[in-house]
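After the structure tokens below, expect a handful of questions from me.
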Amino acid sequence: MYHHIKELMYTVHVDQPDPRFGNMLLEQFGGANGELAAAMQYSVQGINCDDPERKDLLMDIGTEELSHLEVVGVLTRMHLKPMKNNRSAAEADPLIAICGGGGVSLHNSMGSAWTADYLKITGEIDVDLRNNIAAEARAKITYERLMKFTNDQGTLDALQFLMTREITHMKAFTAALESLEKPVFSIGIIPPTPGLVDQYFNDSTGIGDRGEPDVRGPWNQGGSWELVEAPAFHMLRSQGTGEREATSGNGHAITAQVAEIKHVESDKKMAKRTPSRHKAVND
Amino acid sequence: MYHHIKELMYTVHVDQPDPRFGNMLLEQFGGANGELAAAMQYSVQGINCDDPERKDLLMDIGTEELSHLEVVGVLTRMHLKPMKNNRSAAEADPLIAICGGGGVSLHNSMGSAWTADYLKITGEIDVDLRNNIAAEARAKITYERLMKFTNDQGTLDALQFLMTREITHMKAFTAALESLEKPVFSIGIIPPTPGLVDQYFNDSTGIGDRGEPDVRGPWNQGGSWELVEAPAFHMLRSQGTGEREATSGNGHAITAQVAEIKHVESDKKMAKRTPSRHKAVND
Amino acid sequence: MYHHIKELMYTVHVDQPDPRFGNMLLEQFGGANGELAAAMQYSVQGINCDDPERKDLLMDIGTEELSHLEVVGVLTRMHLKPMKNNRSAAEADPLIAICGGGGVSLHNSMGSAWTADYLKITGEIDVDLRNNIAAEARAKITYERLMKFTNDQGTLDALQFLMTREITHMKAFTAALESLEKPVFSIGIIPPTPGLVDQYFNDSTGIGDRGEPDVRGPWNQGGSWELVEAPAFHMLRSQGTGEREATSGNGHAITAQVAEIKHVESDKKMAKRTPSRHKAVND
Amino acid sequence: MYHHIKELMYTVHVDQPDPRFGNMLLEQFGGANGELAAAMQYSVQGINCDDPERKDLLMDIGTEELSHLEVVGVLTRMHLKPMKNNRSAAEADPLIAICGGGGVSLHNSMGSAWTADYLKITGEIDVDLRNNIAAEARAKITYERLMKFTNDQGTLDALQFLMTREITHMKAFTAALESLEKPVFSIGIIPPTPGLVDQYFNDSTGIGDRGEPDVRGPWNQGGSWELVEAPAFHMLRSQGTGEREATSGNGHAITAQVAEIKHVESDKKMAKRTPSRHKAVND
Amino acid sequence: MYHHIKELMYTVHVDQPDPRFGNMLLEQFGGANGELAAAMQYSVQGINCDDPERKDLLMDIGTEELSHLEVVGVLTRMHLKPMKNNRSAAEADPLIAICGGGGVSLHNSMGSAWTADYLKITGEIDVDLRNNIAAEARAKITYERLMKFTNDQGTLDALQFLMTREITHMKAFTAALESLEKPVFSIGIIPPTPGLVDQYFNDSTGIGDRGEPDVRGPWNQGGSWELVEAPAFHMLRSQGTGEREATSGNGHAITAQVAEIKHVESDKKMAKRTPSRHKAVND
Amino acid sequence: MYHHIKELMYTVHVDQPDPRFGNMLLEQFGGANGELAAAMQYSVQGINCDDPERKDLLMDIGTEELSHLEVVGVLTRMHLKPMKNNRSAAEADPLIAICGGGGVSLHNSMGSAWTADYLKITGEIDVDLRNNIAAEARAKITYERLMKFTNDQGTLDALQFLMTREITHMKAFTAALESLEKPVFSIGIIPPTPGLVDQYFNDSTGIGDRGEPDVRGPWNQGGSWELVEAPAFHMLRSQGTGEREATSGNGHAITAQVAEIKHVESDKKMAKRTPSRHKAVND
């Protein structure tokens, strides 16, 4: 059950309304990373949550985001107000000007209506907490970018307040995830296939137009990682070695290529690399 | 630049087409956590990425997800095929049956068209990696839930393959995030407001209808955490202490309540708790 | 600023979870006439409202609808829970089952994500109050229809509570509209064109396949109403009287028709009927 | 069955095409309150209507709105035409310029595609008539706002014509609703719960940052109204009085607050106020 | 299975980033006629295709479109980059600037998220090929229009490359359709009703406000075409001839009109013209 | 300007309402290939059309589709009616049952709201005619599939009528396109790049899991076609020949592969094949 107090969580002051900036602020009112998205993601997760401790966390922060929604709404409203009567201001967001009379609405800066497609709600508490950590990181960077585009001190103060709270929430969700003491890559209950789970498929190869390299890093070497070079080439190779019949009269150039690739790859123990695939084929 | 090899990354077998299960599988073809969402999220992040090393990672996995999209598409197609001519099968997904002739399309299990609103792309590499870790966790649990609802061995094998790969990707994205060596709660460049960032607002209080408690946990106590009880009540109190004039003839009951709350709260050094708010008011 | 109390506005009991009914209940959680739509419509109107008295009304009811959202969410969650593990239950709403693990989400009964396109917010208080009266009427009939489809007493009690409140709100919005003491058809400040505003265009004529009549009623006769028969025929006539040149070699059959219609219409003082149109033509 | 006459219901003249104003006009072509929305809402209601008299009304006005759609389309097309070849004009609406070649399309002024989510169709004639009254009020204010943003006389004349017709329709729908002679708050057939239906919940209390008051008005006092102060506080109180066990080590500050609130409220016969809730709990 | 080579299919150069043009380019990245739409339409058709020859065609071109998507993405990214830090540039597309940090995303030039609603996939190879021919024609004209709005030579070169490829694909799809050797108007297997299929209904008559004529052309005369004048009038006529009872007191003017029309039409053997309708009525 | 006659273009009879079939019929009422989509696509094209002859065609058929919309609406309404009171029927489409009271609405069979994203309107008459030919082909096959799923004779008769008209329209649009006498692959005014336009890129190679071949056909051989084998491999080769510097320590396996592929390809005059690309690089 909710109660509303007629006072903003952060009192907002605007010295100079800036309708185009008001339009930008809509991102945090009715946009993908905005306050309604946060409020709904956490509150709905809370309703579904069977873990009573983290349920309280979700309701606490979900409720705070409702208060943020109100702060952003009031702040944005101040910037949008001139749209009602000023044609030039109205051009910044005709939907707000003409349908809304210069009031806020649950649209983003490009006029797209807020949609629950923005939300990530899974009913699995650890997954939801990861969704929330990512959501708070997005919200933080969004506030920071907005701060680059205004000099109005009252607006900056409010955005600094809101931006800070996103880090607070990120810390809280992270602590809640860690307190579950689950192994970091354990999601749900069915374990991944051993071996296959450690294979990194190098599916993008070569050097890019601006020198982009094909890289080894901690995400594909060291530890248990096994690098599988260009799995699609392997497929090509297996097709060349007689596992299948080519239809007559086509693909001959590729067959030649394949022969070459086969030679290069001959000492690479390919079959071992995608074991589950071949197992399935042999079944 | 892309090349397609006419072989699936994982060969699929279906013993018994199950149109209602095929409908469910659409979640991973054209759904919010599905393979197109993954392929597009990582590939578009890759196009935007100025970090050449992690760009390669994004393109590798983005490309692998395209291959997964194809695997899921072929698997789902096998299950949906009877819809074309069988009325009962068609009832499982009339959109697929009547508009698609029993073929797959980029809709989810409830017929909603795939939308880029599902994607989380920020142009900030650490934030994007967090988005991706969360996305992989969602994809993993989604495959696991699908596996609960079929007994077809060929289908289960393919889903096990795909589910395993999500964990692989989750590991890779996590390693890539850690290799950035950024402090864990440092997003962007503007620091949060000290003090305020450590305040946990207890915005949901009391005991729930099923005994849900108001909880202390590592997300609101210990370390630098400071608990702020029920900020909305504080607001109410400040209204009672004369900062504002009540309009005549209303709100009297609340004024009385407020007087009581004020008394209870009098030794709580409220002003310290929401410093940036009061600073702004005093400016 | 919002505060959440961990107790439902109406405690819900469910004797027998009914997943297909839970799917139906989603209409009032994430559907077009549901509680989020109500909460957001009134609360956002409230943020925009410059009339301090009706602003309070909007915030009061907007906040109550948030509490209703929570009640509906908990009730629906109870009915949906079996979806997580039961294939047959899951078929009632695969999106809820597979993506949501049997939890509620902001989708309607057919899986469409909630969208702010449902909302009617204009920034004009009397228009918004009319939007709200209509919204409450829709919500009332929606609850009533849901009540037809369940026998579960706890569910019926909760729906009766929620349905009743919609009538309460309808009464309040109506009183607020009447208290504005505006003339009933006065919207905004630009007056409609006299004369033209009283013309009822009979644009659908004849008798339908099931005997549907062409009717006179208080909406087109009596008072200041003037009936304009079939305006499109009038247009046809004016074309026949030489105001325009027909291109050679076409339209001859119609010209003949037009001649006949012209005769019939000749004593009807057509020009008077669409005055602004002809004024514009003559400019 | 429909017939089209190649003449506009209102002939449009544009002296000076204004692409940015053309973009704004799209609100009434493909926007939420525009002519397609009106045409479809009334015509589809008409198809569903079992009341032969009001069905005729719905078809009459639904058809007129189609003619309005054509007028708005032609008018908007005139303003948008320069977009095809003029880069500066094209920037006003790149979607129209590049995908549409400067032609109209069923999008609003911010490029959102028209959606049936805009429509309010319930299959209950009195509810539908309320939806329509609200829709006409919205359309009227939208035309009025557009008129503020142009000086082109031909455009103003056409908008005045269209705006006037919305009032005509509002009058007709109102007469049709009144002619049903239903009690004003009687929707459907299930009556609301007596007593509860007269309780106004004061869910938003205090004084706002700009002095927004907590108000009594005809929507919560007089007649049968009973004011229920801050229901969420009541809930809090009931938790404090021993109906539930608090978990150890939390909520103590709130418990103290609650004690105070309880004292203030002690003579208010709270239990009586939310009778259906407590009844349900006691069941 | 897909493989990605880190080299663009067409290397792009941009001399002068132009954020507003970058915004326009998004039409071909995340817009209705853009490269993702093409890639997905053909690739998903390919997955569904049971005709092995045309399936190869669909996969070839579907894959090429993925490479185009990458080219357009890199080109657009270059133009959008200034949005991250420049407020004026950011105003061209605040969604890209603030949510995306100046990176591309799957939205069109007006910020609408890409949706699978853009796709036309039917599971009927000849219908799909027609969909694709139309899609390529749209993509071609879209590129051409973009070329009108930039002078940047590197950008023009890339757009010329991409535009050319659309014509290549249009040729290929046309050849594939023709090679099916199906009669041109044979879709599916149920034949249309003879006679009725040759009737052209002249449903729009008269002369327009700008002299638009009512035309005869090869689409309604010659060959087997039979012109049916204004079918709605015929309906009206049949109502006037006693098949139905008019309700008393209305429609009299129309009855008179009908009498006249009937006279004009009396030698036109109307009944013969809509045979299936009357057959159905007589059943 | 439109006029409505209260008689259906095709009188519908339903012997046995079938709610699940009614749900399927919604595809042709509010679905992607349905009658509203057709009506709006042609009518809006007509408003934009500067070719007076084809404009008449577009308005004729656009208007007929409105009449079809009405026929489909009435037919579907008959099948859906039991949903209002019958729980089992309601399960076929809870949105229709609960929000619509068993009436039709502009949603498809899976409850997605109709959206203008379905429409293809370009402002280029020949492109629009191709869009329309494809649209009619889709509508025809959709009606045919619906006919497979009902035995109700009245329903079948109505669907046969509607299906036949789609072929009529397809014929008319085709005649209109041909009468433009434009070269078949001439779209807009900028010619494609000679040579490049005749290259068919074989982007999908090998043999599929079910023996899908890599095919030569009239869409890539004969006439002016030139086949370019696997363009991505060519890119790979060019990287190996020294045009770029590989970053140290990565990509060595691929470099070896590339060396082999280069050998195979050495007599293929690659540079000639993608001339515009290399031209651009050399600029």
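Labels for the chains are A, B, C, D, E and F, by order of writing; each one numbers its residues from 1.
Convention: a contact is a pair of C-beta atoms (placed from the backbone, for glycine too) under 8 Å apart; a residue touches a chain by one contact, two chains touch by 3 or more.
Here the structure is a predicted model, which means the values were calculated and not measured.
> Can you grab the rotation angle between chain A and chain B? Superpose on CA, round to the nearest 5°.
When the C-alpha atoms are superposed, chain A turns by 180 degrees onto chain B.
> For the homomeric pair chain B and chain F, should the interface be classed as same or different, according to whether the shared residue numbers exceed half of all numbers used?
Both copies touch with mostly different residues.
> Could you grab the centroid distance between chain A and chain C? Build each centroid from C-alpha atoms only and quote it in angstrom.
Result: the chain centres lie 35 Å from each other.
> Counting only Cα atoms for the centres, state how far chain D is from chain E in Å.
Their C-alpha centroids are separated by 32 Å.
> Taking the mean of the C-alpha atoms as each chain's centre, how many Å separate chain E from chain F?
Between these chains, centre-to-centre, one finds 7 Å.
> What are the residues of chain F that contact at least two other chains?
1-9, 11-12, 32, 52, 56, 59-60, 62-63, 67, 74, 84, 99, 101, 107, 110-113, 115, 117, 122, 124, 141, 203-207, 211-215, 230-233, 235-236, 239
> What residues on chain C touch chain B, complex-wise?
Chain C residues touching chain B: 1-8, 11-12, 74, 84-85, 87, 90-91, 93-95, 97-99, 101, 107, 110-113.
> In their shared complex, at which residues does chain F touch chain D?
1-9, 30, 36, 40, 43-45, 47-48, 56, 59-60, 62-63, 66-67, 70, 73-74, 77, 84, 99-107, 113-117, 119, 121-124
> For the complex, give me every residue of chain E touching chain F.
Counting only chain E, the residues touching chain F are 3, 5, 7, 9-13, 32, 52-57, 59-64, 67, 115, 117-118, 120, 122, 124, 126-127, 130-131, 133-134, 137-138, 140-141, 144, 147, 153-154, 157-158, 160-161, 163-165, 167-168, 170-176, 178-179, 184-185, 187-190, 192-193, 196-204, 211-215, 217-220, 231-232, 235-236, 238-239, 276-277, 279-281, 283.
> Can you list the residues on chain E that touch chain D in the complex?
Touch residues, chain E against chain D: 20, 23-24, 27, 31-33, 92, 108-112, 141-142, 145-146, 148-149, 203-209, 212, 214, 230-233, 235.
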